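Below, chain A partners chain B and then partners chain C, in two separate complexes.
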Partner chain A sequence: MDHQTSEPRRPMPEARWRRAVAGRAAFTLIELILATAAGAVVIVAAAAALRVAAQTATTGERLATQNALIAAGLRGAFDELDFWTAYDDPLDPARQGLRYATNAVVAPGGMRRLGLPFAPFSATWPRVASADPEAVEGWDDDAPWDAADPRAWWRGTMAERLDSDLRHGRYALFGSCTSPMTLAGYGVCAPAHTWLPRQMRGLKDALGFYGLCEYLPPNAIYSVITGEAADGATTPGGIAYEWVRPGGWLANGSGNCSNARGLESLSFGSSFPMHPPQANPAWSGLDLLQTHRRHVLTASWFTDTATLAAFVDTTTARQEIMPLQPASWPKVEVAVTRSMMLRRFLALCRVRWSDPTTGDRAELAFCGFGSTLRGARRQRGLDAP
Partner chain B sequence: MRPDPRRRGAVLILVAGVAALIGALAVALLSRARDQTAESARVVAEAQARIMLAAACGYVLESGRLGYGEIPPGAPVQREAFGWLDVRDGATGPRDDLGAALFSSALVERSRADGAPDRPAWPAVGAVVRCPMAVRERPPFAVAMNAAPNAIALDGPDAGMPYLRAPDPQPAVGNGWPGAVDATAFDDFVRGLPRPRPESVGLGWFRLHRVAAAAFVVTCGSGASAGWRDWQEIPDADRAAYGDDAELFAQLAAAEVRTWYRIEWSAAIPPCDSHSIENEAVAAPPDPMVLHPMNTSQMSRTRSLRSQARSPNLVGTIRYIERLASPPAVW
Partner chain C sequence: MRNARRGFTLFEVAVALAVLTVAVTSSLALFTHSLRAHRLARFQLYASAKAVELVECYMAGTNTVLCVDIEAPRPWDVPMNYRATAPDLEARVATRRFGAAALPTDIARRLDSDGDEMQRILDAGGQLLYALPQAPTAWDESALPRNPPSDAQSLVFAVAGYAQANALFSFPAKAWPYYTPFPGPPMVVHHARDFTTATGADPDAADYVRFGMPGMTDYRLYLWEETSDPDIRTVLQWPMPEDPQLDRNFGWMPYAYPRQPYALPAVAGSACDQPTADGALRYVQAALWYAQAKGLPPSFWTGTATLTDFIGGDAWKQVQAMRFLSHAATCLTRWHDQAALTAGVTIPAVDLGGGAGMCPALLLTEAHVLAYEASALALMHRYRTTLTYDWSAPRAYENALFTDWPLLEPDLFSPPLTGTISGAPAIAAAQWRPIAPRPVTGLGRSMSHPGAVIDPADWGDPRHVTLTAPFTADERCRQLVFWAVDWRAFEDAETAPSAPIDASRYPKSAPGFDASGSPWPFTALMETWDLPWVDVFMTAFRNPELPCVFTRDVTAMATGDAVAADRASVNLFATPDRGVAALPVFTGAYGADRDFDGVLDRGPVPRSARLRATTVARFNFYDLRVPFSLR
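Up next, the complex of A and B:
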């Protein structure tokens, strides 16, 4: 029993306090060193963990930014598939270079009204109404070109070639751009069907070859009979060279075919380009008119790598996502390449990104499905008469 | 001298602070990751909606020619149709081989569940069809995934013999072959198993509004609204799928991607091409033209006897696709 608790508390004398302190166990040097070391290890570990966490957060933030930009790139590619704004920006007249149209002399043939793929029909191929359905000129967006409409039937023989002696018949008697038309041995004739050949010629001149192929139905036979000097030289049967001469601008040299072809044969191993207006800064409007009227050999057995690379380069519309972004952010670019080959209309989308911090580069490529050229022109009201 | 009691918890406070910082960073990271997941889901939804555009075009192409109906066993044989614009006379289709319309223009459907009938049934002009695109457990007329039911034996008495003993293809529904064929399974073969696979439900749909004989407005969607335009359009009997909860449907509709397109159909398909082989034939025949047929396996690179392979549009072509910047008044 502690009797001191019942006694009044008194201050401890200094001598006694010194003895008490001197007698109590304190930190030894080893304990102090160990404690300090253990504390240091804990602090270092915590600091390292904080550093790793900070780095992780930084990396995560960078990847999140990259992912967000890639997602924006994908959405940009989807939008481009649907709205073609890299080829023609309806809100920016400075980016409507493919609406160019002019009167030009192109070989073979004489002066014609030529347009680029986004030139309005009102400027290139205005509508001329007529009570005679065969005599209607210009594009009619409501015309269905249905199979039962005799206007839409092609008249000719697919076996007729550049040097044919017409033993299979003289089809200019039935369908031609020109009516009346003087035919050797027949005199002045009036081909009953002029609408389809005029539509084909009109689309070719108004839009170029890519547009021609897209606007015509897939069963079109690419051959037009004409008697007009502006259409250039013709075969003995009256087919304009421009449509069938192998190795010319429209028809490739595959098989040295000089007969009327369907689209598959016409584009077997070759492509019709769809150039964006900025494809080559050195190109003038006239250059673009010409490049949209030439096939390019793009199959591996017809061409070389450099030609193919140049074709891809000049048919690609590129857009940078957020061009004014911070320099440390990943760069994301959307590229859409449009052309037609082997009857297939191609819209190749590529979303590319590069990280200035790590140097990583990657690309996501896919063939897209969206608005056609005609759909894009309808969005802009360019098909109105 | 006494040690300062305030210094005894310094390490603990320091570590706790660092841990708090790490925790905050982790929460921020997880939050950002969640945002990214949501953003990625949006991109996936847009891609899904675009797939529905391809599905809608395929539906328009095939349904203009292939006829209509549920094909119940025992029902009259479906008649083949001749296109949305009849290829024989340009009349509005689809019509059967006798020219009879396979549609009715009578107003029998309601665009508002509480309204009067104001539109015809599909496929008449002005009609609407919804196509939720869940995958069926087994589609109608499904065939077995057996690419070689008559594989040539490598040994035994039949080694090397190309016997065609088994039907090719064979139905996915077992019919007793090669024993006695059980004809009662034919109904199952025809019907398939229409039950949707759960993992494919609510991902995508398309909806067509026939605005002219050959023109359609396509609405593409990725989500669980099943193509209903709004709550008012859903008949009472179908509202149970959403728990009779208009708010739930509105949330589902708001969360999905919807895009609108106008497309036009044409009966035209690619032609068989004639091709000159005069510069490739060893001895040019009198008529050096050869036909490039469609979708055959005959092909010779040396003589250009090639085939136009992989033609996807043998029942017509989509003339154009036009993305609509905003939803049309009626869809």
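Up next, the complex of A and C:
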């Protein structure tokens, strides 16, 4: 050892050095190539995985956002079906445009107290109590409309037309809005039954045509006899033209029928609309009074694409889900269209979305059911006398 | 030392990479799974909306099918009471007006699902349905504004569980209830040219009332009601054949339509169909005669108090007598003013001639007129509410709050009725017998086929009635199953023919007779002579894909070509699918523009491939037991 430690260092012999260096050799070219390739695979795989993961995460997030917004849209549609807030927002007086009522002439006849579908009965058709059940005026929300109650039986003639010569006789003797009533060529009669015709006239004036059809029983016959000038022209038997005149505002011209008729015939090929006020901001209260008292021909054999499109447009309440949202989020709109055609009270819901990132547009359209107009009015206490 | 310091071997590196790959792949799989979960959530939203819509359509859809024959002597000769009008959810909503159609069988058979449920439903005779592209509004599809594509079309749904035995939509031999105004005259049938007589003979035979409506002299009216009560003829027209001298005729027709066939002198500038006071009086006399002929006591017509209950005897006779009497008496108010009626109008007793005998006399006052009308409605209401299964008298329109739809159902436990199809005697037919909870009395004849006797022996065993029996939900539970599958990706998504259509969806005519009294051949019934197809009422009939079906073979057209003009036009009277020659259109043999985008679409998936559907949602329900609408 001493010898070794005391002996001065000598250079390693070349052969030994070579062996030593060989034992610590660097990567061979093949190793380098393999290592580089493996590294590249790892890097590429990792990058691809990261990219896919990022894309997937983005897509997932986008889908989740879309789903959340569509679900919100669906909830909005179902809420609208149940609560009618697009037509009348009970918490926002500025969005209660269908509560308008006024004395107006917007239909054949004279000045009458007319209301829109959410006008309270207390403003349009106040209750007048009476010991005589036939003389009760106004809407009674608790009245059962008992099938056995003679007040609820329609009294008129389904055979009388506009050009009637009264060969079927004078049915004003049995029921009329007016009692006593003067019948030309006959005398003054006192119809015993005034409640049902007054209910029908009252609902028409207070709510418009959609509300009239919804409040009346499904099998109702649509005509009333009246002796009051404000109800406009009548047939010789006293049936107000407004109820039966073909091509008028209530009755369509189907078959040129001018008889009293049921709801199916009344709405054959034509619709009674519900117009949300915000869809028609240019319309005044009087305009709305008028449009809620006109049928619209919506069947293809009666109308054209433009008319139908305008009808759909003016009866649709649109609501954007989350108006304030990140620009990259999908835009979701809920549209609910309400009308009545062929005896069916239609509530068409459309949840429509467009993705600003992908440009995709799609919609989910379905017809739903929920509260009736009467139910919505009861939610707001509008049917109280 | 040298071993400890050496690098990884290639093997180790490979193993490490494999581990890394598995880890990365697993992570990616999680992402994919997450995406699938999002997609599933999306389709669950769609399914919930479509389920709401199906319920709405099921419950709110009109039950009326006005422009289809609904009566025939044998139950298999009209489409009613077959599958098309059954109160089963899939039968009711799988129509073009209620938003669903059957997926083409060619495509449905290429779909796989958990437990092979789809194929099992198909094997059991069910159908896979898809949502039509537009919500079921009853508005004309082609007139509606173009909407974004409906994503809900990727949903496929079906009803799992067997259809149940429920109420008949209507009684095919007689579509009861019949309605008529109260007060009102006897019911006559308009458009009576093709109705059968008792012998199938010439409709101009004497048992037809040969009256024309003003301006419509070629339309004969048939007095249906006399098939069950011959006395009613007197209220409509007596004598019969009519006397050429008008004032020797009694009843409603000679009063209201005194133009034909009476030999009246021509009146310049007049249609000569003006009623008269004398005519009204003779109508009252006929009505009084009827009340007397029904054995009712004089107090029935002499009293001025409202009758709210029956006075003994047959209820239907009192209902009918008061219906006619009130109508005839009201007609007098056209001719006599209040002063005259208060004093009373003398109705003399006269012999109506023709062997009828005398009618009673009466001093008829306004009080009588008022009492008759009130009694007519009151007796009718009592009659229909207490004697629901007595069909002797038609029901009143005026009771708007009440209807007495009879509870009828098929008897599944008795041998069915058998026979042959009208016009095709070589083809055998069978149908379940009807049963009712109570025996039907006053069955009479039908309005459409008064010559055909409704044989009481055709009824089934009333002990088999189930409609009024209580049941628990699980006894009748069925399931609405939704799947998600992009069936529109198939190359033949729009060129595949429609699924087979139940034959009952073809609105064929009921049997009729030609002018020689020979029955129409089957092809005539299929061409539906004299039966217009009015689209808007035929909600339960025709191909559910009708708005989309092609009217010609489009297979040679290029993908993306416009096909809007090749779709069947659905309009009020448009019938591109009617008749034997149009059967390819009726059956959808040429395929359909199933997304209604107006261009021919072909997906990338070949028809040799199969697609797997993902189960999205299930909803339990049970079918309506009786047809009704929810409002």
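Here is the rule we go by: the second predicted complex is superposed on the first by the 356 of 385 C-alpha atoms of A that agree within 3 Å, B and C clash if a C-alpha of one lies under 4 Å from a C-alpha of the other, contacts with A are read in each partner's own complex, and residues count from 1 in each chain.
Methods note: a contact is a pair of C-beta atoms (placed from the backbone, for glycine too) under 8 Å apart; a residue touches a chain by one contact, two chains touch by 3 or more.
No experiment lies behind these values; they were computed from the predicted model shown.
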item: First (chain B), second (chain C), both or neither touched by A:43; value: first
item: Partner chain in contact with A:57 - chain B first, chain C second, else both or neither; value: both
item: Partner chain in contact with A:263 - chain B first, chain C second, else both or neither; value: first
item: First (chain B), second (chain C), both or neither touched by A:147; value: both
item: Partner chain(s) touched by A:348 [first = chain B, second = chain C, both, neither]; value: second
item: Partner, of chain C and chain B, that touches more residues belonging to chain A; value: C
item: First (chain B), second (chain C), both or neither touched by A:159; value: both
item: First, second, both or neither for A:378, with chain B first and chain C second; value: first
item: Touched partner set for A:82, first chain B, second chain C, both or neither; value: first
item: Touched partner set for A:74, first chain B, second chain C, both or neither; value: both
item: Residues on chain A lying within both footprints (that of chain B and that of chain C); value: 42, 46, 49, 53, 56-57, 60, 64, 67, 71, 74, 78, 145-148, 158-159, 214, 217-221, 262, 264, 268, 343, 368-369, 372
item: Contact set on chain C toward chain A in their complex; value: 2, 10, 13, 17, 20-21, 24, 27-28, 31-32, 34-35, 38-39, 41-42, 45-46, 48-50, 52-53, 55-57, 59-62, 64, 99, 134-140, 142-145, 147-152, 181, 255-256, 274-275, 327, 329-334, 337-339, 366, 369-370, 373-374, 377-378, 381, 385, 397-403, 536, 571-573, 629-631
item: Of all residues in chain A, those that touch chain C in their complex; value: 23, 34-35, 38, 41-42, 45-46, 49, 52-53, 56-57, 59-60, 63-64, 66-67, 70-71, 74, 77-78, 145-148, 150, 152-155, 157-159, 165-171, 173-174, 183, 185-189, 192, 214, 216-221, 262, 264, 268-269, 298-301, 303-305, 308-309, 312, 341-346, 348-352, 354, 361-369, 372
item: Chain A - residues contacting chain B, complex; value: 39, 42-43, 46-47, 49-50, 53-54, 56-57, 60-61, 64, 67-68, 71, 74-75, 78, 81-83, 144-149, 158-159, 161, 214, 217-221, 254-259, 261-265, 268, 343, 368-372, 374-376, 378-379
item: Chain B - residues contacting chain A, complex; value: 11, 14-15, 18-19, 21-22, 25-26, 28-29, 32-33, 35-36, 39-40, 42-43, 46-47, 50, 53-54, 83, 85-90, 213-214, 259, 261-262, 264, 266-280, 287, 289, 292, 304, 306, 308, 313, 317, 319-323, 325
